[in-house]
Each structure stands twice: as C-alpha cells, then as structure tokens.
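Shown below is the structure under consideration.
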Amino acid sequence: MSMIELRGISKAWGDAVALHAIDLRIAPASFCVLLGPSGCGKSTTLRIIAGLETATAGQVLIGGADVTHRPPSQRGIAMVFQNYALFPHLSVAENIGFGLAVRKTPKAEARQRVEEAAALLGLSQLLQRKPGQLSGGQQQRVALGRALVARASVCLMDEPLSNLDAQLRQEMRHELRELQQRLGLTVVYVTHDQTEAMSMADQVVLLSQGRIEQNDAPRRAYARPASLFAARFIGTPPMNLLRLDAQGHILGSAVATGAPAGAAHLGVRPECVRLAPADQTAALRARVLSFEYLGADLVLRCEVGSEALTLRVDGQQNLQVGDELALQCAAGDLHFFDATGRRMDTGATAVPATDTGDARLPANAALAQRAAA
Amino acid sequence: MSMIELRGISKAWGDAVALHAIDLRIAPASFCVLLGPSGCGKSTTLRIIAGLETATAGQVLIGGADVTHRPPSQRGIAMVFQNYALFPHLSVAENIGFGLAVRKTPKAEARQRVEEAAALLGLSQLLQRKPGQLSGGQQQRVALGRALVARASVCLMDEPLSNLDAQLRQEMRHELRELQQRLGLTVVYVTHDQTEAMSMADQVVLLSQGRIEQNDAPRRAYARPASLFAARFIGTPPMNLLRLDAQGHILGSAVATGAPAGAAHLGVRPECVRLAPADQTAALRARVLSFEYLGADLVLRCEVGSEALTLRVDGQQNLQVGDELALQCAAGDLHFFDATGRRMDTGATAVPATDTGDARLPANAALAQRAAA
Amino acid sequence: MSSPTPSSPQRTLTAVYAWLLLLPAMLILLAFTHLPTITTLIDSFYSTPKGRRAASWVGLENYAVMAADPIFWKALFNNLWYALASIPLSIGLALLMALWVNEKLIGRGFLRLAFFTPTVLPMIAVANIWLFFFTPQYGLLERLMLALGFGSHNWLGDPSTALACVILVAVWKEAGLFMIFYLAALQSFNPSLREAAAIEGTPRWTFFWRVQWPLLMPTTLFVLVNSVINAFRTVDHLFVLTRGGPDNASTLLLYRLYEVGFKYWDTAGAAALTMVLVVLLVGVTLLQFFTVDKKVHYQ
Amino acid sequence: MNAPASRAAPAATRPSRGLYAPGRLDTTAAWLLALLWILPLLFAVWTAFHPPEYAARFDWRAPLTLQNFRDAWQAAPFARYFLNTTLLVIMVLAVQLVLSTLAAYAFARFAFPGRDLAFALVLVQLTVMPDLLLVENYQTITRLGLVDSIFAIGLPYFASALAIFLLRQTFMGVPKELVDAARVEGASALQILLRIYVPLARPIYVAFGLVSVSYHWNNFLWPLIVTNSVQSRTLTVGLQVFSSVEQGVDWAIISAATLMTSAPLLLGFLLFQRQFVQSFMRAGIK
Amino acid sequence: QTAVDVPFFYPVNVGGPINKLIDAYAEDFGRAHAGTQIKPIYSGNYQETLVKALTGFKSGTPPVTAVLLSTDMFTLIDEEAIVPFDEFIKTDEDRAWLRSFYPAFLKNSQTDGKTWGIPFQRSTVVIYWNKELFKEAGLDPERGPANWQELREYAQKLTKKDANGNVTTWGVQIPSSGFPYWLFQTLTTPNDVILANDKGTAVNLDDPKAIEALEYWVGLAKDGLHPAGVVEWGTTPKDFFEKKAAIVVTTTGNLTNIRNNAGFEFGVGPIPGHRLKGGSPTGGGNFYIFKKTSPEQQQAAFEFIRWITTPERAAQWSIDTGYAATSQAAYDTPALKKYGEEFPPALVARDQLPISVAEFSTFDNQRVTKVLDDALQAALTGKKTPAQALQDAQQEATRLLRPYQ
C-alpha cells in the first residue's frame, strides 16, 4: 500500500495550468523528493497534498483514505516551510508546541512532547530563545521540531534547506535523512537542488512544467536520465550533451560515437570522461578552454568539434588553458537522446534496473576507442 | 608594488577586539578572498579598507598612498554589499549611474558608461526595471554594475553571493572571476564559503578571531593547510583529522602513520583516500558507518580505531553500511599537526612552493604501506 | 488571500463569517459617521427649524446663503492659507527633526522628548500658555523681539499676524507626531544604502534628496493625508487664542462651522458648511491618493 | 513588519559612524529647535512652581511653591477626572483595538462580496471625523439614553478607520507561510488571528495606541457636550475651569493644571520612549 | 410624594470655589424642600453651557433650569426653549420680588411684556486704575477720570515710553477680543446712544453718537495712549498687574482677582461720562426655565430661583463672588453694608447701576453681535474707518433682523 497517492491531480489558476493530471504513489516510511526547476509545480503539488490548495481535478489519498476534501489539520500531516515559517514572536518551545496548544493537548503532556522533540533535535538548551536569536540551522531544526511533535507519520517539506549556506546545508541533509529513517516518517520533500535530491531520496520525482518527467530511485535517475531535460537537470557539473550530426558524429568533428540511428544528442557525465594515459593513441583529443579549481576537483571546459565538453579531474592537476588533452570514456557511460529529447536505449548502455549490482569499474574506453582521428 | 596594503591594522570596539594587528598585501589586478567563519573580522577588515570604519591602529595604503584618514569617496574604490544595497526607488540605469550623477559626469558620457557596463553584465534589457522586479542574480549584477561604472581599480565585495541560490551562485562565480580578469580589477572579496574562495581567488586570506591564519594561493592553502583550523576550514567534505597517540598511531588502533615526533593530529583529505585493489594485503582496513550518494560521488564515513575517516569514491560504487574496506593513501597526502595545531613539515610531505609542477599522480600508497596489521 | 478557492456554499459561509467580523465596527461607523453625514446632507437642503417653524425644503438656498457670506469665503481662504503654510512647515520640520534624531546627536533622548512633547499636551490648556507667548510687551516672544531691538507688536491683535501665530501653534503641536513617523521610516532603511552612497562620494544633501527623500515618499503621503485632515480639523487653539479674530482674520472653516452651528444655531447653514468640508476633505484625500500615490510605490 | 522574513544583514545593527556624521552646526541647530519646542513646557514648569506674580518675571531668586498645584487640584475634582479619563482612554483603546482587529482581519484575509465597498466606507471616516458631526451624534447618544456616561464619550470613536487601515496593511504583510503553518497545525481562523496576526502586529498596536491615547486624553468638545456630572467628566473638561472669561488668565494655575494633567502622558513617553520609537520603527508606517 | 429632580446647568466661570457655593445652596434648598432635589451640572463657560443646554433641548433632554447669558434671551425665545416666568408669578409677594431687581438688570430679562429670565450672577463694567502710577504721573490717586476728556488727559500723562520710543506703559486699555461690543457699550452709553431696541428687532449702530464713540476709542489707540490692534480680554488683568496698563476697563467680576493679585494700591470707579454722566452695560447670567420639562420640575425650579435670589442670599453671593447684587434690598442687608464699608470698591457697581443699560442683545443675537464685533475690530485694526465700519455693520445687522420685524 502506498502512504500517499495522487490520482489525476490537476491544478489551474484561471487559464494558467500548474499541474497536468499528476499520478504519484509514495511508499510508507520512504523519502520522496519532488525535484524540478522554478515554477514547475513542486510547491503546488506539495500544497495540494497538504490541503493548503484545492486541486482542480483528481484525488488525494493519505494512508488509504480519500482526504481530497479534508482541511489540512485533518490529514494527519506535518509540514516544514521553505523559510521555516517560525512564529517570530514565540519562543522555541512555544513554536514547537504551537500545534499542541492549538489542539488543547493537556499542558503536562504537551511540555513533555516538546521536550522530547527538542532533545531529539539537540534544541534543549535553546527552548527559551526567540527564532530571531537562532542560527539558520537551529531555526531549521525548530521547524522540524514543530513538524515532529505532531507525531504525524507524513511530513511535507518545501525547500527546507534553501536558505542555509552550503556547509550547513550539507550537515542538515544528514540530520534530516537520519531522522526520517529513525522515526520511519514518510517524507515528501520539495527542492530544486539536485544534490539534495540525490543524497536524500528513496524516490526522485522530477517535474517539468506541471508534468512528471521521471520518477525513479536516485541512482537510476542519475544513471538513466529519461530525457534530455532529466539529463541536464541532474548532476553537477551537468551531463555534457553534445549534438550529433546525421552520421552520429559529434557536431563539427569527425568523432564517431556509435550512436543508434536517429540519435540527436550524446550525453556523457563530466566525471565519466577521463584523461587517457599519455601513450594511448586512440584517445579523443580536446583543447582546454577554461577551468575552475574547487580544491578536491578541477572542472575543465574543453572543445570537441563545435561542442563543449566539461570534465572533472583531480584537483591537484596542473593544466593551462589551451592544453591539448587526450580523453577516454567507457561505452556504458554514453547516453543517447532522440530529436524529441527522449532517451534511446541501446543494449550496450543498459544498466541494471535495481541498484544491487557490484562495484562497477570502467572497463573499456568506449568513446576513445571509437574515435576516428 | 602592492595595490592594497594593510600595516598593523587593529580594530576594537571598547573591550571587544575584532582585529589584531593585521598585515596584508594585495597585488594589483589580483583577486583576494578574505575567508573565515562568522565573526572572525572579515567584514571589519573590508570596511576598514573602504573607509567605512576607522581602524584603532595601523595604516591603510591603496595604490601606494596612505589613505588611512581619507573618506571612502576619496579612496578610489568601489564596493558591492552583501544585500546589494540597491536603491529600491531607482531604475537599474539610475542605480548603475548613481555615482556618475552624484559626481556630475556629463549626461551623455554617463549614459554611455552605464550602457557599456550594462552590456558587459547582460543587463541591457533591464535598464528600466526597478530592483524589486529583478531576480537575485540580476540584482547582484546591478550592484556589480554600480561598482564597475565608477572605474575604480579596486573593488570590495562583502559576501556578494550569499543571498543567491546554489545554481545561481555557481554561475555568478564564473562571471565575477571572468570580469575581474577582463577588466584587471583588484578585488577584495569576503566570504565564509570556502568553495567560493577556492574557485575564484588568486590569494586566500584565512582569518580566525581577528588574526590571519593563513595567507596563500588557493592551491597552496588546500595542499598545505598551515594549521588545524585551516585544515578543517578548507575543503568539502573537510580534511579528515585523526588524533594520534604518543607513538604516532591512529588513536584506538595500531595503524602507524610515520608521524614525526610530537605530532598530535594526522590530516588526510577524503579524496586522497582510495580503495585499494582487493589483492593488496598491506591496505588499511576500515568499516563503513554511513554513506551519502551525490550522483557523481559517494561519500563514505568509515571507522579506523576510535577515529572516523571520510572518503570520497566514485558515485556508481555499490556499498553497504558495515562493509569492510581496504584503503590506501599516498605519503604526500598526509599532513601532521602538533599539539598547538600548527603544521609540522616533514621532508616527505613537502610540496613545491609554487604551483608549476607537473600533473602529479599518486605513486605509492603511503598510509597503507606503513599500516601494521 | 491564501484561502483555497472555496466552492459555492463554502464561499457563502466565508462571506457570512467575514461580515460578522466586520459588523461591530461597521455598525459604529454607520451610526456615527455615515448616517449623520447623510442626515447632514439632507438637512442642508432644508431651512433651520426654529420653534414652531418646522424645517422646510429650500433646495440650494443654504448653499447660496453660504456663498454670499463673505466670512465663509474669508474662512475658506484662511483655511487654504493655513493648510498651505502649516502642512509644508510641519512636514518639513518633522523631517528635519527626524533626520536629526536619527543620527547620534548629543542628547538624542532629550531632543526626541522635546520634539514630541507638544503632541501629548492638551491643546485647551497649552493654548493659554501660547497666549502668554504672544502677549504684547512682556510675553516671551515680545521679550525676545525687544531684546533683539525690535519694537513691540500685538501679534494676536493684528490681522496681518494673527493667522501666522495660529499656524505656528498648529505646527508646533503636530510636527512631533509626524517626526515619529519619519523616524520610524528612516530607521527601517538598510544602512548599506548610506554606505553605498558614501563610497560614491555623495554629498549629504544629495543623499537626502536622491535616496532618503524618495524612499520616504510613502511616509510623506501618509503624513500628508494626516496633515491635510488636521489642517481642517484642529481648531481647539482658536477658541483660546483669537476666536477667529481680529475681524475674522484667523477664522477657519471648522471654527466657522462651530459658530454657525452652535452660536447662531443655524443648523441648516452648518449642514451646508459641513458638506463643503466633507467634499473638500474627501476630494483632497482622493486627489492625493491618485496623484502622489502613483509615484510612491516603487516596489 | 514582516519580522520573520527579515534576515537582517549583520550590518543592520552596525551604526555607520563617520558617514554623514552630524556636524556641530546640526547639533547646535537641533538643540536650538528643541529648546524652542519645549519653551512652552519650560515656561509652564517655571510658572507652575512660582507664585503668580513671577509668571511674567524671570528672577532666579523667585521663591518656589507648590501652592499653584494645590489650588489647581482643589479647583475641580481632579482625582475623579483622572480616574474618568483613564477609564475612558483604556476603554476606547481596548474597544478600538478589538473592533479594528476583527474588521482588519476580515478585510485582509477574506474575499467576500462587498469587501471593497465596505473598505471604502471605512476610509470615509479618515476624513469625515466624528468632530464634524457633533449635533447628529449627540442626538444619537440621547436616543440611546447614554448621555452623561463615560461610555457615551467613547462610543462614536469605537471604530477607528485609522486603526482598521493600519492593521489591514500589517495583516496583509504577514507572510503567507506563517498562516499556512498554523493551518496545518490545526489552528482555527480565530486562533490564527489571536496567535499569529495579533502578536505580529504588536508594534502597530503600540503605535496606534499612542495616537489614540493622546487624542482621547486631550479631546475636549465632545466630552464636554455629552457629560453632565463629575462622575463622567474628563480632565480636559476639568481644565476648562481655568480658562475663565470673567477673570483674566491665571497662568500659574493653568500651568500647574497643565503639568498635572499631562504628566502621566509625558512620564509615559519618557519611560517608554525607546519602545515607542522602536514600535513605530517596526510598524514601518510607510 | 415622588421626588422631583431639577437638573440645573451652571456655567463654572470663576474657578473652583464657586461650584462649592452652588452645591451648598442646592443642598440647603433640598433640606428645606423635601422631595425636591436640585442637581447642579457645571458645564463650562457660558457659551459651552448654552451649547449643552440647547443641544440637550433639541434632543429632548434639556435642563430644567440654567444660568445663561442674559443676552441669550432672544435666542432662547426664538428656539422656543424657555417658558416665561409670568406663569409662576401668581401672588403679590411674587410680584414684589420681581420688582425688587434693579431695572438695569431686568432690561435684559423682559421683552414683549413678559419676563423670561431672572438676574442672578450679574456684573457691570468699571474702570480700575493703578494708584502708584497715578502718583508718579502727578495725578490724584483717589480720583479716577470722570469723562472722556479727563480719560484722554490722564492717559497722556500715564503713558510711558522707553529710550527707543517703545511704550512701556499704556495710559488706558479697553480689551476688544471675544466680546468687544460689550466694552464698546461703555463708550456708547455715556454718549447717550442705545444700540438695540427693547424688542431685539432693530439696531442703531450707525448713529452718529455711536460713530463718535468708536472714533474716540480708535483715537486713543492712534494717539499712542492705548495699545494698537485688538487687545486680549484674558490678559488684561495681567497687563494691569504688570503695570503695562495704568487704567483698564473691565468687569466688576474681576474685582476679587485684582484685589488678590495686584501688587499695588488700585482704585475702582464708574465708567467716565461724556454726553451723559456715565453709564455702563450690564452683563452676566440670568436664570431660565426650560420647556420640555414637567410642570412639577418647572415649579420646583421657580421656587429654587425665588429662594436663591432672596436679599440675604444675594448679598452673601455678592460678597463671596464679587458679582454685583441684583437688588437694592440686597445692598441694604447688614452683611453687604458692612462689606461695602470695609471694601468700598464693591459698591461702585451699585452706584453705577441706576444709569446702566441692557447689554446689547437682539434676535439672532450671536450673529448680529458678531457683525458688530467684526466692525469694531475692523476699525480698531485700521481696516475701516469707524464710520464705514459701523455703517456696514448697521446694514448687515438690519438685513439679519428683517425676519423678526
């Protein structure tokens, strides 16, 4: 049974259609991330699940019950908002206990539940502070506390980390995920940051313009992007998408790619392009256009034909703009897309549908081998 | 000659000392990043250079001239503020041209310079908009435009990207750096985000509690952290810092590290710890505690003795919590720190002081080799 | 606002709920503002009932009488002068005060108190103190003038200065309140704006004129509406200072209304005057909202 | 206004000294104006504490006296007037706040037929103030049989267009998320009002309170007309005792009475000056 | 027998102690007349009391009785707000009581053969002079100016200037704010001109003698003997105390105030004469009884008014407040006789009463009065010549009064 189910949910404001008949099932105790660019309908979906918006059509089921017409407070959900929506005039304890107070939970019990939640989140020392006196991460935890104390088994989160700085964001990702697993929560999590999606999700739902573009486990979404859109959206630096000419060569070059007929784009992830050993003759040659040093990594932008190719190498590499590099790439790391942007599956690039396979080491330098100098 | 020079700059508010006799030289047309945790004195330093605060002691030189007692407007600087400080009632064009109008630059010339700057920043279409109608990144560029149009050769920036979301921040990093190089600006840039520092800087000045902790090129700062503080602060995920016992073994284990006498901590970066080929017997053994999937990478947290060790491996690896791993590490990647947190230099780990060396590939698995099972 | 688009029965329920919330306030407003206004409007078309003579329909006669009354015109023009002088003066001073006490001046607390004090003093009593200021020969103003070598002057007793004195007292009374509004706005400004301007080398005056002043526009509009209303409402001090004299030199519309209504007991004439005031005030306010408001909202 | 969203830049707390620092000229001018501004108060203090013959003579050796206060105090039952005025001011403010809050909430949060018309009707009171409609209002009060009660003094002012207007603006500025969060937590519409909107609008309440209290503390004509007895008279009506037509102005006693009656407000402002300014500040009436 | 409540509007006008006196009277009366309760309501100055009373009347809740300006009589008649006293005056005793009031006071209380008001707190205008300044100027401090000629001469001697030519002491000061028409009557009455007829339906403002009177007043100011412009009524006593004015013309109601606060010896005298020997307008308040009240209440009010105006009480009232007593009988009481011997200035009012006239009053009183006031102020501030001002005023007043003729 799925914990949350959307059946043909549509949403329109006048003429503006935000969601087109979305169908979605989310398993109990799983972490589902709604991912997509700004304006694609993530928040709308979440708010429809919460009952904060009414769908134009379709049904919402939570825990098997049709809740389409129930107000938010009767759906057994908790919610964490993008900027936390902490009540600035209430202390941490009061913020966490807000729902309990509103629902007239006995004082003693409410106090106990607030203290438990605070202890769980490491907020015990801060109970008397006002949100304004807390750091971003602490605020985030208070917002979480408010959601937890309701003991709802479904927790909805709308970009809860987007206001934090990089370092804190990383820490909070861990904490959130760990908490979700510990408490067995069903989380629906909205973000437009694919790193967050990758690192936390059991299920990634990629939305684009009110439609589900891909709905998969993160690894599968990463390994087998269903469309150009998905390929572009998931991964940093994003997947290289090289246009192919009619012959399957990289545009403006004579590099053959082994593309199936009708392929319009070749996709390859930056981390899958490697520097070939200097002696390898069959390597793909590319010229460095620019690079960015990131400590552990160096991100290079090179030129192949008329297309740009980004690759990620060890940060301690010393390279200059204009250097000629020899590159190679495994055949399994190549993705092909047709003119409509749909993925084309070739036998060679099929990867296991489940993620239980063994550690896979790049075996052959597919691209380089096929490269015709 | 240095473009900006601070000589023994101190700043105190009453008893609270924010800066302790800072000495700093910044080369012309270079990009200097002031990096450090919140409250370390970055903004104070920047504001003293700008003349927005008066130093308690010391001198500020810009372009060789002592400007300690000059007002901000006579220092030949431009500044970009954290929240941009755009005038909300003025259009983009008026914002950019504000300084020109104030300085009574002839109308025609002012218009031309504004248009040039706008073109440079891709703002030409937006000149008539008000800041409230712009996205964060666009606002950022307007702020930049206002700084550029002044044609000051020194540009000061206080966390200019901190209000942007991750994606935009990355784009803006590129743009900023490129612009600085194109125009030959001397930029002093404040941030607490080490990724920004690494990717943009010619010179990273790491501050801690009002003192300069390290002042180096980014690669050097990354490769040779001067202290435990620097080691912890620079790099994501941060450098592993393992406590050593009196014998130089990793605490709670029998793993020898080849540490010089008196070393209290061993540092090793996550990306420098590699999975040893399965057949290598001398490998360091560690148990996986948890992992985080990031698409391209997988970050593992393992246990060695009583210490935790983080390492970064290929994202397509399939690992389970509890797996035993064999690890190895190059001797050159080991850093030692004494009990006071200062770096200890051993002959073996010395790296070239300049960054002109060739691409360096890990040759020997130092740590693993020395490990005594 | 954020409520979900409700279905029809829900919408009715919402409307009922909303109107229930509004009801108490609306009832009071209706009973003490709208109905009296309408009654006044109707009264203005009838003659004043006196004893056995019941009110009779006279059409626009009350307005005609009013228009023929030179004192009405005097009061109207006085009031326009009063508004024209007191509004910019009190707003200007309020702004100046706010700019000052927004800075770290020595004794800022005292300055704030000093500027604000007149707002809380009861006009009815304080007007008597002002009377002393204007008293010829030994009044404070006189002493000052004499000390400076000027001759004595009968400030309130001279038609050419009486109105000015009344204006001065009004400005004194309300500038402090407006200052608080300006101060609040100034303090909410982002301090970086000032720094950004300083780096450009903006002279203080330019900074005020190009940045602070435009950003204060919404406050100015608010204050402006208030001061216009006050210009037609504050007459307490007239009762003590000049009673509209000498020879109506300082009479104002509301004071004239009081005279017509409560001294002459000419309720019809008073009703006509009230309608003039209502139309004038509503008109001015609307005009302000439509002309200034456009320039005010920069977001 | 929207405090939660204000992730105020750290610089916001930092006074940028040295920039446009007020010069000596500013300080002098500000002090001059301030002195000019409290001159009437200074004069009142002088005359109140000296015998009447020194009202117009400034002599350092003038003897101090409290007689004027004694006389003023005895001239009318001021204790009772203080009580009445305090009751009036508290009652008016309390009712104004309650009614305006409810109305502002309806305007800010609900879409219902007739809303814009109703709001326009409210705004009418901004300009057509009860002062203009004295006679009609007196008749209404008489019809209600309320003449000569503190309640009657307050009644016409119970609904304040200014308060409704200000509160509506503030309420509309409350971030939507806060309301959503409260809804998810199960708060009813009334709970949302009481627990979210009202506390967040506190600065506006304080600001409006200041305006309202000083207005009703000093209002004169209307209280005079609707009250008959000591039991309902307010301070300003009591003060009227001193502006005698028959005799000349006795500044000594008037000053004493003025100080006496405005002392609570002045003291209040002195004590809560910072809070007031800050409230207005956060109220951001703009 | 049910208790009768008699709400009584009383203008508190001379400060605190007076309402204590009134309360005491009300209580005493209540004790003597079981079942009747007089309820004094202090309601501001005369103008405010009238506003309250008439607003109340129009809304159906008038006071039963009120002390209001004698000049408001026509207004109150016009509003049909009051009942004449004739209904209550039934016995000879009552008639004798009514006859006992000074005719000067009754002039403002009767019209068309009916009595509408009973004089209560009445005053007249007198002159006060500073004896010290008189001595300095070489004048007899015990004798005030007797006529216009003397007034002008005295004023010339009394006016002092400083080195710069600024006047430091004015010879004479006649206030002209608020109700200048009343003080103007101190000039017209001796000049043998009455400004309004008894019926209150016609005025005589442009009479040459009235113009002459105004010219005299304006002339004093022109010649620098009297302050220029409009002189504030409220500060006039203070001007006198501060020796800024040597002679002031003001009400007898100020006697107590001046006695308490003048730091020097002062004299009180009747208004200087010209064509006639002197003469002043009367002023102050009368009792009225309101319509829309029950006959029992009206009767009770009448009894209270009779009771409070008996000679003994009137005498005590005069001693306590400084107002003129309203009847010869009151001045003949031992108490007031004794007081007059101790403090002779208190008797000036009495001596002047036989030649005093009614305060200017007409139908549409306030409006007509304002026309005259404006004219006077216009002349005093130099905007119009006295003749022009009064002729204009005459025209306007006549127009206003036309409906009543």
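Letters are used for the chains, namely A, B, C, D and E, taken in the order the chains are written, and counting of residues starts over at 1 for each.
Here, a contact is a pair of C-beta atoms (placed from the backbone, for glycine too) under 8 Å apart; a residue touches a chain by one contact, two chains touch by 3 or more.
Given the structure is predicted, the values throughout are model-derived calculations rather than measurements.
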Could you find the chain whose CA centre sits the greatest distance from that of subunit A? E
Which two chains does the highest number of contacting C-beta pairs join? C-D
Identify the chain whose mean C-alpha position lies nearest to the mean of all protein C-alpha atoms shown. D
Can you compute the centre-to-centre distance for subunit C and subunit D, using the mean CA position of each chain? Integer Å is fine. 16
CA centroid of subunit B to CA centroid of subunit E, Å: 91
Once you find the CA centre of subunit C and the CA centre of subunit E, what distance in Å lies between them? 37
If you average the Cα atoms of subunit B and of subunit C to get two centres, how far apart are those centres in Å? 58
Which residues of subunit D are in contact with two or more other chains? 9, 11, 16, 19, 55-56, 134-135, 180, 240, 242-243, 249, 251
Listing for subunit B: what residues touch at least two other chains? 52, 71-72, 81-83
Going by the touch rule set out above, which residues of subunit E reach two or more other chains? 51, 55, 178, 234-235, 238, 242
Applying the document's contact rule, which stretches of subunit C touch subunit B when the two form their complex? 190, 192-193, 195-203, 206, 210-211, 214-215, 217, 298-299
Residues on subunit E engaged by subunit C in the complex (per definition of touch): 47, 50-51, 54-55, 75, 78-80, 164-168, 176-178, 227-232, 234-235, 238-239, 242, 244, 364, 366-367, 370, 373-374, 377-378, 380-381, 383
Spell out the part of subunit D that touches subunit E in their complex, as residue ranges. 52-53, 55-56, 71, 74-76, 134-135, 138-139, 142-143, 147, 224-225, 228-229, 237, 240-251, 253
Looking at the complex, which residues from subunit B come into contact with subunit A? 162, 165-167, 170, 173-174, 192-195, 198-199, 218-219, 222-223, 234-237, 269-271, 292-297, 312, 314-319, 355-360
For a test of understanding, state which residues of subunit C touch subunit E in their complex under the given definition. 50-52, 71, 128, 131-132, 135-138, 146, 149, 151-152, 154, 156-159, 240, 242-243, 245-249, 259, 262-266
